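Report on one structure; see the data block that follows.
For clarity, chains are labelled A, B, C, D and E in written order, and residue numbers in each chain start from 1.
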Amino acid sequence: VEIEYWQYIFDARITAMDQLIENFETANPDITVKQSTFPYADYRTKVAAAIPAGQGPDVVQLFYGWLNDYVEADLIQPLPEDRFPAEQIEADFFPMVRAMKIDGAYMALPTAVRSLALFYNKRMFKNAGFEAPPANLDELVEMAAAMTQKDGAGNITAEGFTSGMTAQDHHWLREVLLRQFGGVPYSDDNKTVTYNNAAGVAALQFYTDLEQKHGVTKSTFMDEPQAAFKAGRAAMHIDGSFRIGALKDTRGLDWGVAELPAGPDGSKSNYASYWVNAITSKAEGEKYDASVKFMEYITSDEAMQIWLDTVGELPAKPSAAMTEANLADPVFGPFVAGLNYAQTTVFVDESGQRQVLVDAVSRMFLEGQSAEDALAAAATAEQAILDGYYNK
Amino acid sequence: MSFYRNLSIRQKQVVWAWAFLALPILFYTVIRFYPTLNAVILSFQSWNLLGPREWVGAENYIKLWHDPVFWKVFRNTFVYLILGTPISLVLSFVIAYQLDKTRLLHGTLRALYFLPFLTSTVAMAWVWRWFYQPVPIGLFNNFLASLGFAQISFLNSTTNALPAILLPAIWAGLGFQIIIFMAGLRAIPTSYYEAARIDGVSGWTIMSEITLPLLKPTIVFLVVFSSIGFLRIFDQVFNMTTNNPGGPLDSTKPLVLMIYQTAFSSFDMGYAAAQTVVLFGILLVVSLLQLRILKDKP
Amino acid sequence: MRKPAKGPRDPYAVLRWTLLAMGAIVMVMPIVYMLSASIKYPFEMYDLNIIPKEPTFENYTYVLSDGRFLRWFGNSLLIATLTTISAVFFDALVGYALCKFTFRGRTFVFIAILSTLMIPTEMLVIPWYLMSKSLGWLDSYWGIMFPGIMTAFGTFLMKQFFETVPDDFLEAARIDGLNEFQIWWSVALPLVAPALSALAIFVFLGNWTAFLWPLIVTNSQDLYTLPVGLTTFSVEQAVEWELIMTGAALATIPTLIVFLIFQRYIIRGVAMAGLKG
Amino acid sequence: MATVTLHNLVKAYGKAEVLHGINLEVADGEFVVFVGPSGCGKSTTLRMIAGLEDVTGGEVQIDGRTVNHLEPKDRDIAMVFQNYAIYPHMSVRKNIGFGLRTSKLSKPEREKRIEEVAAMLSMTDYLDRKPAQLSGGQRQRVAIGRAMVRDPAVFLFDEPLSNLDAQLRSQMRLEIKKLHQRVGTTIIFVTHDQVEAMTMADRIVIMKDGHIQQIGTPAEVFHQPANIFVAQFIGAPSMNLMPGRAVSGGVEVGGTVIARETDHSGELTIGIRPDDLHVTEGEGRFAGRITLLEPLGSETLAYVDIGGQEVVARADGRNPPALGSMVQLAVDPENLHLFGADGVAIK
Amino acid sequence: MATVTLHNLVKAYGKAEVLHGINLEVADGEFVVFVGPSGCGKSTTLRMIAGLEDVTGGEVQIDGRTVNHLEPKDRDIAMVFQNYAIYPHMSVRKNIGFGLRTSKLSKPEREKRIEEVAAMLSMTDYLDRKPAQLSGGQRQRVAIGRAMVRDPAVFLFDEPLSNLDAQLRSQMRLEIKKLHQRVGTTIIFVTHDQVEAMTMADRIVIMKDGHIQQIGTPAEVFHQPANIFVAQFIGAPSMNLMPGRAVSGGVEVGGTVIARETDHSGELTIGIRPDDLHVTEGEGRFAGRITLLEPLGSETLAYVDIGGQEVVARADGRNPPALGSMVQLAVDPENLHLFGADGVAIK
C-alpha cells in the first residue's frame, strides 16, 4: 500500500523526511510513502485547495495554527486513542502540544518544535569589545547602540539590532516582550485580547523606541532582517531555529546564538511554534492503518533526533530535547533552553493577526500615532478577528 | 447532407458559424461563465473552502460596504487607473512619436523599449524593490545620498509606495503601447503632414488637429486595454510588497490583491467572491464609459 | 507601413536621438541588473555595481545542476507551446467566425467573450480545481493547460486582424470549391500570418509566466512549470534572490532570443492590431 | 460552355429590394457586359449567378438547370475579382493551381494544366514569383489564370480592370477579348466603365437602380439608346441633350428647326453626340462661342455656348478653332436622338 | 501669380540620382503638366518645387527668387495631393479653412473667404459634411478648395484625379481647366495619364527616367513628337510603329514604298497614328486581315494583321468591317512619323 505525505519545500526537511521514510519502509516493507513538496509561500493555498477536494495526501504537515479549520471541516481524522493515548502524549510531549487536543481527542502531533533565540555577529561583538551577548533588554539597547554604524547623513549602514514586524518580531512582541513587561496577550480561553493596557503599551513603546528613540535599527534596512544579518550588516537578530541552516552556509559570517534577553524584571519568555502531522479524512482502510503506523514512527524519539540532526529543529518531547548534549550545544542549546519557558499563540487567522500588529507599528512610524492609540486600535481589530471566528 | 445542400447561403453561413463556435462556446461556458456564475452565487454565501457553503444573503456585500479597508482599496484601485493610464499613454505616445522620426538605429531602439514587455513580472518586481531600498543597498537612495540629499522612503511610505509600485507596471507595459502607437502613426498618410507643412501650420496644431484625432482608434484601443490592466493590477503590487502585501497600511493594496488575500489568506471565499463581483462591475462600467466617451464624440 | 517619416532638415535630430537612447538605456536597466545579479555571489548581491567584482556562474551551475530545473524548463516550454498553438488556433477560429460570418447572436457572443477579461483568474482557480478533480485532470499537463487554450484578448485581436482581410479572397476560394473551414485554414490564416505571430508571442509570454493555476493543479514536482519551480528557491521567511534571479534570467533569455530573431515579424503583427482599433 | 438565364431575378437585403426582376438570356459562348453606375446592382446580379448571394426571388439557370441552391463550386463557373483576390502568400503557380484543389486530376496532370494556362497568359516565366513581385497587369493575369485553370463553363468578372491604370487597362481589355475569342467560354463581365463595355461586349446590359435599361450590341446601345439614361451613359464625351419641341416639318431645338419627322408632338429632349456635332467652316445648324477646348491630338473637343446652353462638339485636331471665337456647328438630322418627356427614345 | 524656373535641378536619394538636371521655365499664369510613366521623377520634381524635398543640385526659383532653402509655407504655393489629403475628422468647412490658420485674416473674413471658395467649387451645400459623406469628386473639390483658399501664386497638383473613376475624372478635368481660366494662377500639374495632359495643359513636359523628353504644347507633342518615347506615350491608342527604310523616292514600310522625302538614309522606324490609318473601301497602302474590333461607338478600332505585324487602324463606327475580313488601309504620307535608329524624330 502506498500513502502520500505532503510538506513544504525546504531542503533539509525534505532530506530528513526522505531518511525517515527510508527507515520506515525498511521496517514496514509492505508500505511505501510518497513524499510531495510544495513551495513554502503557497503551501497553505495548495493544501486548502487539495484536501477538501479529496485530492491531497494521507498524512499532511500543517502549521499548528491552521488545524482548527481542518478539524471543523472534518478533513482531519482524530488519532486513534488506542495507539496515541492522551495521557501518554501529555506526559511525553511539551505542554504546548495540548492545543492539538480537540473535543478530547488528539488530532495531530509534531515531530519538532521551534523557538526563538538571539543570533549575534561575533566579529562585530569583538570589534566593539563585547564578550557576551546581552542578558536583558537594557543591555540589548546599550550594546546595539554601540554597534550601530551611520554615515555622514545619519543613514544607518550597519544595525546594532535588526527589526521587522513582518518577520519574527510580532511573535517576540506578542509572546515575549508583552509578558516581560507584565502583560498577557490573550485570556485563558484565547477568545479575548488582553494586551490593551499599560504593560502592552510599555512593550510596544520599547519595541518602537529601538528605532525611533535609540536609532539602533531600521525596520526597512536591507529589506529583510535576516538579509541584513546574513550580509554581516547587523550585530544582533532575533529569529527562529529554522534559520540555522541558511546561516550555516554563509561565507565569511561568524555568528553565535544566545537566549532571548530577559525582561526588566528578569523574566524570560519565548515563543514556540511547530508544524504538526495529521491524517486526512482521505485515508481509509489499509491506507489509514499505514498512515497510523507512519504517524507513530515520525513522532518517535528516533525520528525526532534525526530531524534535529538534519533540520536543526528541536524535538517535541522534553525527553528527546532536554538532553545534556542538546543543552550544551552552542547552537541548539539556547533554543532548547528557550522551550522551557516558551508560549504558543493560538491563532485563528495567523496572517490577519500578524497584520494587526504590523499595522500598529506602521501607524506609529508612518503616521506618528502614539503607542496607546496604536495598541488600542490593534486590540480592537484583533478582537474583531477573534470574534468573527469564535462566534460563528 | 441533402438537408445542408438545401439551405440558403445565409443559413449555411449560420451553420458554419456555429460549427466554428461550438467548441469555443462550450469552453467559455464551462471554463469561464460557469465559474463566474459560481462566484456570483458564492458572493451570497459563506465558505472557508474547507467546510460546507452556507447562504448568508447580502451579508458579504454589507460587510464590504462597511469595511474601511475596502474603501481604501477601492480608492487605490482608481488611483492606479487614474495615474497609470494617462501617464503610460502620454509617455508611450511621446516616445513613439519621437521614435517614429528617428532613423539611426531605429530598430534597435524600438527593440530596447520593447524588451521590458518580455520579462517576468516577479523577477522585475524584485529588481525594482531592490532599487527602492534605503541606503546602503538601494540604487536610488544611494544615488541621492552620494549627492548629499536626504533619502526618500519609497516603499515604506503611505504616500510614495503606490507611485513607486506603479512605475514598474508602467515600465513593463510601455513597450507594447509604443509599438501600437507607432503603428497608428505609420498608418497616417504622409501627405496629411505635407499638406499641413505647405499650409504652414505650427507643430502643435498639427499634433492636436491632425495626429491625435487620426490616432483615435489606436487611443481608444490602448485606453480601454490599459485601463483594464491597471484596474486588475496585482502581480507588481504583490511581488513588490511581499513582506507586507498591499502595505504599508494598505496604502498600495488594489482590489485584486484584496480578493487574493481574502480568498487565500483568510479563506473567506464568499467575501472574496463579493469583491470579485464588485470588481467586475467596476471594470464593466469603466470600459463601457470609455468606449462611449471616446467613440461617440466626433 | 511606410518607412520612418523623414523631413528634409531636422534641427532637433541629435537631441531627440540622445534622449531616446538614454530612455532606452533606462528601460533596459532593470534587465541588466537582473542579469548582473545572476552572476553574483550572495555576499555581493546588495552591491550596486553592474559588473560583479567576483563574477561567478555558480548560480547557474547550481540551478542547472538541479535536474529538476531542466525538467521544469521543458514543462514550461511544452505547456506554453501547446497552449499557444491551441490559443492561436481557437482565437483565430472564433475571431474569424465573429468577423466574417453574419448570424444572429454574433454581437452577443463577442461581448460575452470579451466580458471574461473582467474576471480576475484568481477567483476562478477554485472552481477550476473542483472541476479538474471531477474530470480527473489534476496533476496532468492537460490540467495545467486547459484554462488557457482559448483567450478573450486573442479573440478580440484576431477579430481586428481579420477585418483587414478583404472578403474577395474568401469568396474566390468559395468559388474554387473550398469549404468554410478550408477557406479559413488555407486562405484567411496565411493572410494574417504576422498577426498570428504577434498573438503567439503574447499567449506564449502569458503562459510562460503563469503561476497560480499551475501551482494549484500540480502535485508532483515533475509537472511543475518554471515559475512554480522557481518559487521553491524561496523558503520560509526568506528568499534566495541570487537563485531566483538566475532562474528568471534563464527563463527570460529564451523569450529574448525568440523576440530578437522574429522582431520584425512580431512588431509587424503587433502593428496590425493598431490599424483598425 | 453554357448558357446563363436569369428569370425575374429579385434581390432584397432585408426590406430593401435592390434588384427588381432581372431577365436575361446569355447564349453559349457569348461575352456579355453589365454596365451601369455605382450601386445599380451589377455586382449583386453577378454574385447571385456565382452563388455567393442568396436568390430572393426568381431563378438563375446555368445550361438550362436551375442552380438557385447549388454551391458555387457545383455551378461550373469561375470568377475574377476587382482586387484580383490572388493570395499574397502563394507563388503564381500555387495561386493558379488553387482552382484545381478540388479537382480529381493527378499531380502531373495538374502541373501540366497550370503550365498550359500560364503559357496562354504568357506568365510561364513568372510561375515561381510571389504576387508582390508582379506588376498590376501580371497580377490580374494570375487571377484570370486561376479562373481559367478549371476550364469552367462560365467566366464571371467583377470590374477586374478598375484597379489598373489607363494604359494597362486598355491592354488587359484586349487580352481578355482575345482570350475569349480563343477559348470561347461564356463570359459575364461587370464594369462601370462604358468604354470597356463597348469594346469588349458581344452584348451590353445597361442597368440602373436595379432595373435593366437596355440590352443590345455595342452598336445598338450607342446608336439606338433606349432612353436618355443609356444615351448619356454610353459614349464619351456624353451626348449633348437639349430641350426641344416637335413642330411641323421637324423638331425645334436651340432656335432652329431641323427637318426630322416624328410621330411625337410637344416637348422633346433632343440628343446629339459630340461626334455628330462638327465645328464647320461653312453654314451650320447652330452658332455659338467656344468656351473651352480640349485637344485630344487627332481631334479637339470644343465646348460651345449656344444661347446659354453648353454643348460639346468635335473640331479638327490639327487646326482647332480659337478659344472664344464664334463658330458654326453642323449636324446631320439623321443623327438626332429624340426622347419623350418620360425619357424614352422616340423612333 | 508667379513664374517658376527650374535650373539644372538634380535630385539624388543617397547615391541614386533620380533627376538628372531638369530645366524648365513656367510662365506666369501658365498651366504646365508633367507627364511620364511611373517612377520617372514627376512627383519628385513637384515636391522639390513645393519644398517638401531637399534640392540636391540646381535651383528652384519662384517669381525670380531662389527658394531652395525656403520652408514650403514661405513659397506662396499650394498643393493638391493624389489621395486628397483632406482630413477625415474635419468638416468641409474646417478642411478648407485649414489653409487659413496661419493667415492674418479676422474670423469673419475667413468665413467669407471659405464661403467664396466653396461657392466657386459649388460646394456651399456641403460645407458642414464630413469627407466620408462626400463622393470622390466632391472630396477632390475640397482638396482644391483648401489649396485655393490661400490664394497662392502657384498651384501644384500631384495626380489629383487618379483615384477617380473615368466619368468623374473627365468631369473634374474640365472643372480644373475652367478654374484655371477663371483665377489664372500658375499651375503645375503632375499626371501619368496622357489624356489629362493633352486636354488640360498649356504646355506639356514629358519625362522619362529623370530626363525631360520634350516640352511643348499639346499639339506640338502630338503632332511633332521629339522621339519614339513621346510618340508612343502621347495619344491613345498608341502610335503604330513599323520598321522601315529610307529608299529613293520615299520610305519603304510593310512592303510598300510611300512617297515621303527625307534626308535620312537607311533603317528607320515609321510611326503612324491609328487615327491616321483608315480602313478604306478603295485602294489603300496596306492590306491586312482584321483580328479584333473595338467598337467605340462613333468609330471602331480595327486591329489589323499586315504581314505578321499588328497595327491599329480607325474604321467607321456605324458600319464597321467584319472581323476576319481582308481590308485596305489608307494613310496620308504627310502623317508618317519618321524616327532614326536612336529613336529621335527625323524632320
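Note that a residue touches a chain if its C-beta (ideal position, glycine included) is under 8 Å from a C-beta of that chain, and two chains touch if they have at least 3 such contacts.
Computed from a prediction, not measured in an experiment: that's the story for all the values here.
In summary, the chains found to touch both chain A and chain B are C. Counted as hops between touching chains, the shortest connection from chain A to chain D is 2. Greatest centre-to-centre distance from chain E is found for A, with centres as Cα means. Each chain gets a centre from the mean of its Cα atoms; for chain B and chain D, those two points are 56 Å apart. Between chain B and chain C the centroid-to-centroid distance comes to 16 Å (mean Cα coordinates, whole Å). In terms of their C-alpha centroids, the spacing between chain A and chain E amounts to 92 Å. With touch defined as above, residues shared between interfaces to two or more other chains in chain E number as follows: 51-52. Each of the following residues of chain A touches two or more other chains: 45, 49, 167, 222, 224. Contact with two or more other chains is made by residues 46, 126 of chain C. Put simply, chain B touches chain D in their complex at residues 5-6, 8-10. Partner chain A is touched in their complex by these residues of chain B: 48-52, 129-130, 133-137, 141, 145, 148, 150-151, 153, 155-158, 243-244, 247-250, 261, 264-267. Listing the residues of chain B that touch chain C in their complex gives 10, 13-14, 16-21, 23-25, 27-28, 30-36, 38-39, 49, 95, 98-107, 109-124, 126-128, 130-131, 136-137, 139, 142, 168, 171, 174-176, 179-187, 190, 193, 197, 216-221, 225, 228, 232, 234, 242, 256, 259-260, 263-264, 269, 272-273, 276, 279-280, 283-284, 287. Contact residues on chain D toward chain E in their complex (touch as defined above): 38, 162, 165-166, 170, 173-174, 177-178, 181, 192-195, 198-199, 218-219, 222-223, 234-237, 273, 275-276, 292, 294-299, 301, 303, 317-318, 320. The touching residues of chain A, when paired with chain B in their complex, are 44-45, 48-49, 51-52, 69-70, 72-73, 75, 151, 153, 155-157, 164, 166-167, 218-224, 233, 349, 351-352, 355, 358-359, 362-363, 365-367.
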